[in-house]
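Here it is, the structure in full.
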Amino acid sequence: MTTYIIRRLLITIPLLIAISIITFALMQFAPGSPAVLDVDPNVPPEAREAQIEAMGLNEPLPVQYARWISGVVTGDFGNSYITKRPVSDMLLERLPNTLILMTAATILAIIIAIPIGIISAVRQYTKTDYAITLVSFAGVAVPNFWIGLMLIMFLSVQFGWFPVGGVQTLNADFNIMDRIHHLFLPALVLATADTAQLTRYTRTSMLEVKNQDYIRTARAKGFKESKVILKHGLRNALLPLITLIAIMLPTLIGGSVVVESVFSWPGLGDLFMTSVNQRDYPVIMIITMLTAVLVVIGNLIADILYAIVDPRIEY
Amino acid sequence: MDQLQHRKLEPMTPNNNHDNLGKHRSMLGIFVVKFFQNKLAVLGLVMLLLIIGSAVFAPLLAPHDPNYQILTARLHEPSAEYPLGADQLGRDLLSRLLYAGQMSLLVGFAAMASATFIGATMGAIAGYFGGIIDSIIMRIVDILFSFPNIFLMITLVALFRPSPFWLIVSFAVLGWMSTARLIRGEMLSLKKREFVLAARTLGISKWRIIFNHIMPNAIGPLIVAATLAVGQFIIAESTLSFLGIGISPPTATWGNMLTAAQNLTIFQTAWWYPLFPGLMIFLTVLSFNFVGDGLRDALDPRVVEK
Amino acid sequence: MGTSIVAQNKPNEKIQHSEKILEVKNLKKYFPIKAGVLQRTKGHIKAVDGIDFFIRKGETFGLVGESGCGKSTAGRTITRLYEPTEGEIFFEGENITSKKERHLFNLRRNMQMVFQDPYSSLNPRKTVGTTLIEPLKVHRMYKTHKECREYAQSILERVGLNPSFINRYPHEFSGGQRQRIGIARSLVLNPKLIVGDEPVSALDVSIQSQVLNLLNDLQDEFDLTYLFIAHDLSVVKHFSDRIGVMYLGNMSEVANKKDLYDEPLHPYTQALLSAVPRSHPREVKKERILLKGDIPSPANPPTGCVFHTRCPFVMDHCKEVTPEMKEVRPNHFVACHLH
Amino acid sequence: MGQETVIELKDVTTSFFSRKQELTVVDRVSFSVEKGETVAIVGESGSGKSMTSLSIMQLVPAPNGKITNGEIIFNGEDLLKKSKKDMHKVRGNDISMIFQEPMSSLNPVYTIGEQLREQLMYHQPLSKREAHEKGIEMLEIVGFARAREMMREYPHRLSGGMRQRVMIAMALSNNPKLLIADEPTTALDVTVQAQILDLMRGLSKDYDSSIILITHDLGVVAELAQRVVVMYGGQVVEEAKIDEIFDKPLHPYTEGLLNSMPKLNDEQTRLQSIPGSVPTPDNFPKGCRFVTRCPYAMQVCTEEQPTLLEKETGHKVRCFLHEEGVGKDGNIDRRSKQTQ
């Protein structure tokens, strides 16, 4: 097992290096040389040149990359071109909000999707199954920003049930109920697509398991249908879903950009959009890199978990 | 009884083995019948034809010029003159909605075509040749899959060149990986099927086997994936446009119409305005998914074989 | 075909002196086991680990063994679907072991294969006609499409199918009919040797006998030599002239069918034959030799004689020294230290 | 003949329903099994033999499959009249079943021990410890030398033969009155098959078990069975004691089946075979199901279905050749039939 984890970790390293190179290259090739933007435009051209030289921006790209990446590895993410503050500080302010949102959405997706998916599979070809299938089709097809707008328009603006945006009531003291009140709609919207997707995967997985020979064996042993499904079916059906939760991670992170923008949720996605509009390259680079690293780690955890849970996999 | 003991079963002769087969139906016939038995698929197809038709014939169908502003009609309610109301600049929403469909569908189809082409080629090469070529292609796929798609798309489009063409290029470059994985998987499994081995023992050449024997069997999953991809690209385009980075006004797209509608006053007074563009995206993507799902069932060779 | 059953006793003596159409010498096929970060080869599945045998023109050579013994791999390596790891394959005296794919073109015509699974062995997207005509065109057997089609129809008729089925797709046929199509496909190029890889094991008993009879008839009519791979000992015995018994990638025994069944010399052959269920409830079977344990993994076969872990007559010697194939009686080869 | 009937099927009919049609896969099947007897149901794919066994267990795949008619008398009660709840007490307890695919019939995520204990504790008031000991005992009975260690193993670590032994141990753990074995050796190699057949023969002798053996392999039948039920096209076409089936089969299908089997001790150069292929339930001929492949087919066979008649004591056959009142020309003599 340990060797497997080590081996799996080793595979991850070249992947991370490739990710960092791509991120770096992308920013270098973007029009409007990013470096120049960081230099005060009011100083005379000769002084600017000197400044660029002093910052090492005339050095060959590999050297620049090496400097950047060694900074990233040691936690020095550089400063924002716009705010001039350390990028790491800006991230730390925003990261908790995004993590809260993502965690809430994940929990929501799992507690809704898995039971519903199972019910759908157990009642295959009934009205319940068709209804669930139809709703999950809709959940996959609906654009999340629009769902967000609709919820804000009807539930928040017209009915006044929920706040329009933000993490908490402005200038109020910390209050857990207030936080949850603010969290509910964005988390729900962020969870929509994944809930629908996960429902369909759970259904498929359960249907597949339902036709396995060992389910027939369990029935032949005389077990009640509920025991057959919950004891013998569920565990087998849920195993492949571990990997799916890792697949959900990118959509969750990606979705956070949109949801945070719609709900004015001050998280990483929101920061990313602001930075893109301001061409704040150091921030864009770090966030892009960070999301990719999160995805890679998510996959890593899923793989290792799978290996632990499934007795058939041996290392 | 005694008579029976003496008679022996006769050996089979080739001619009395002519079993009757059922009514002959071609592959296409079976596919069509199965597809049209699927109610959701048919519904999706009908909706899709209506949506595509309305976009194509937008100039004939639109009651107004989509970009003509009438100040007195600002946020006009739905009425005979403005069937779906008017926006904050006094432009007819129905007309804008119809024209917006052109752009969304164009981007969706063009991105699908290019991404499918790249993906299928890469996947076929990786799957058939294997070895080092396979490893390289699949590592590229892994790397690109590590980035949550939208981040790279936003970066590519916003920082480089916000134009419809560049949008399509970015979608193609960032959207081919799942097709590649799919086709590679199909290649790997089909390569081992006995009918491919049989083709090899018959001396049929490698390329002929790939294109004439393997590909026709992989075309089903490819069509399904491509259909579903159009919907995904339409969502991606509208998301980017909504965020203000995709297609910028005055060209109408369903996404950027919603950007303009994201406004407290509109939320309070003109609920129809943000409702319809989103509904169009939703119905379009839903139709593509219904059709894709119907195709998946109808094209599944396992169902035909058993 | 007449209605009477003609006992087609094969001219055994003639076959015994006919030339060797196929000869296999020390054939090995290893599949690499890849593992680790760099997918380096960590070991080998020794699917076929040095087998020797030959087939004479016009005879049927049965290759028999349990699952995982390498019989199918051997068949596929001989037809060069797999690259041989070591050893030599001679077809009509010509060494074909390392011929490049494009030089195999003429060989392909002479050596054909019939596969096990009637479902996966036909391309579901192609009509019977396309399947049969394509090789004729590739090999330029006929000038016009019409001639190809007519020939294909005549072959269909010959394997007992209605020639008008030529435009049908595989899914319209039953398992037995599909197997006939597979046989038709192997016949179109007029080959000399047909390798049958478990051609009847997926079929129902009543269909199995039809197909076996068909193969028998075709052998005389088309002057065919068969390499018949199967796991069912009764079928192999019924169908073959000479038989090779494989165990864990090795050949244990090769003999004429009568010698092999009447006087099996290798302990594995003895166990295998004793395990076959009786064909009549009152049939008195010889003492059943029950083998203990399971077949070892071909990735890590036992040293010495590969059968020593399960052999009832195992000696110390067997654990260290690999027995050589010896002709202990005329035309009766066995690889066992007892002989 | 035994003294005590363990199970009796009367006119059991099972159909599959689709939107368009009803396909009858088990058609009025009747037979019985005596105490200590092994009855083989023989047939090719599509004959309805497996569906018959699933019908006894009431495990016909829902919702499309339904038992539409008949009685299954077990312990003096009709199983088909039992409530769902009562059937749970019968399955795995009074009647158990083993299946063809040992590789997939055990749950991959639970150990052998868990699966054995589970079955014991579900039907018997045993503590976990008692169930564990009993499980070990069962594994020893089916020939595991290191039964205690085997309890901790996961199924994927075992070979096919070992898994089938575990299945047998599980099936026998609650001392069932009837064991249904559905192609128990088909997926196994011949040497392993010999081991399993030996084991089953020994168990049936030692415990006086009643077994329904479902198989397509007449060799397996010859090894184990005392009585044979031959099925074709969802119907019983012949039923007789084992020797009679092999020595003087009455139904042309049985005869054809026996003749198409290659035999190890026989020097025939040509097999006799049955022309054509097995009809599928949506394609059954109107008259006798075997008529399209029968060498003795007569006019009447294409028009009417023969009935299953007891020709000699304990030897039943469904064929017009053996029905009285069928003339040489193959026409039914109506009068004589009516007077019957």
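By letter and in written order, the chains are A, B, C and D; residue numbering begins at 1 in each of them.
Note that a contact is a pair of C-beta atoms (placed from the backbone, for glycine too) under 8 Å apart; a residue touches a chain by one contact, two chains touch by 3 or more.
Source: prediction; values computed, not measured.
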- Enumerate, in label order, the chains that touch subunit A and subunit C alike. B, D
- Query: Which chain's mean C-alpha position is nearest the mean C-alpha position of the whole protein set?
  - Reply: B
- Task: Just grab the chain with the largest centre-to-centre distance to subunit C, centres being mean Cα coordinates.
- Result: A
- Note on the structure: If you tally C-beta contacts across A-D and across B-C, the winner is B-C
- Provide the C-alpha centroid distance between subunit A and subunit D, rounded to the nearest whole angstrom. 54
- Using the average of all C-alpha atoms in each chain as its centre, how far is it in Å between subunit B and subunit C? 46
- Would you mind pulling out the distance in Å between where the CA atoms of subunit C average out and where those of subunit D do? 33
- Query: At which residue positions does subunit B touch at least two other chains?
  - Reply: 8, 10-13, 17, 19, 22
- Note on the structure: Two or more other chains are touched by the subunit C residues 5, 174, 177, 210, 213
- Note on the structure: Touching subunit D in the complex, subunit A uses residues 125, 212-214, 216-224, 232, 235-236, 239, 310-312
- Along subunit D, where are the residues that touch subunit C in the complex? 44-45, 159, 161-162, 189-195, 197-198, 216-220, 222-223, 225, 242-243, 246, 256-257, 259-266, 268-275, 277-278, 293
- Message: Quick check on the complex: what are the subunit A residues that touch subunit B?
- Response: 15, 18-19, 22, 26-27, 30-31, 134, 137-138, 140-143, 145-147, 149-150, 152-154, 157-158, 164, 249-251, 253-255, 257-258, 261-262, 272-273, 276-277, 279, 284, 287-288, 291-292, 295-296
- Query: Which residues of subunit C touch subunit B in their complex?
  - Reply: 1, 3, 5, 39, 76, 79, 81, 101, 104-105, 108-109, 111-113, 115-117, 119-126, 134-135, 138-139, 157-162, 165, 167-174, 177, 182, 185-186, 189, 210, 213-214
- subunit A-touching residues of subunit D, taken from the complex the two chains share: 57, 59, 63, 87-93, 96-97, 99, 101, 104-109, 118-119, 122-123, 154, 156, 167, 170
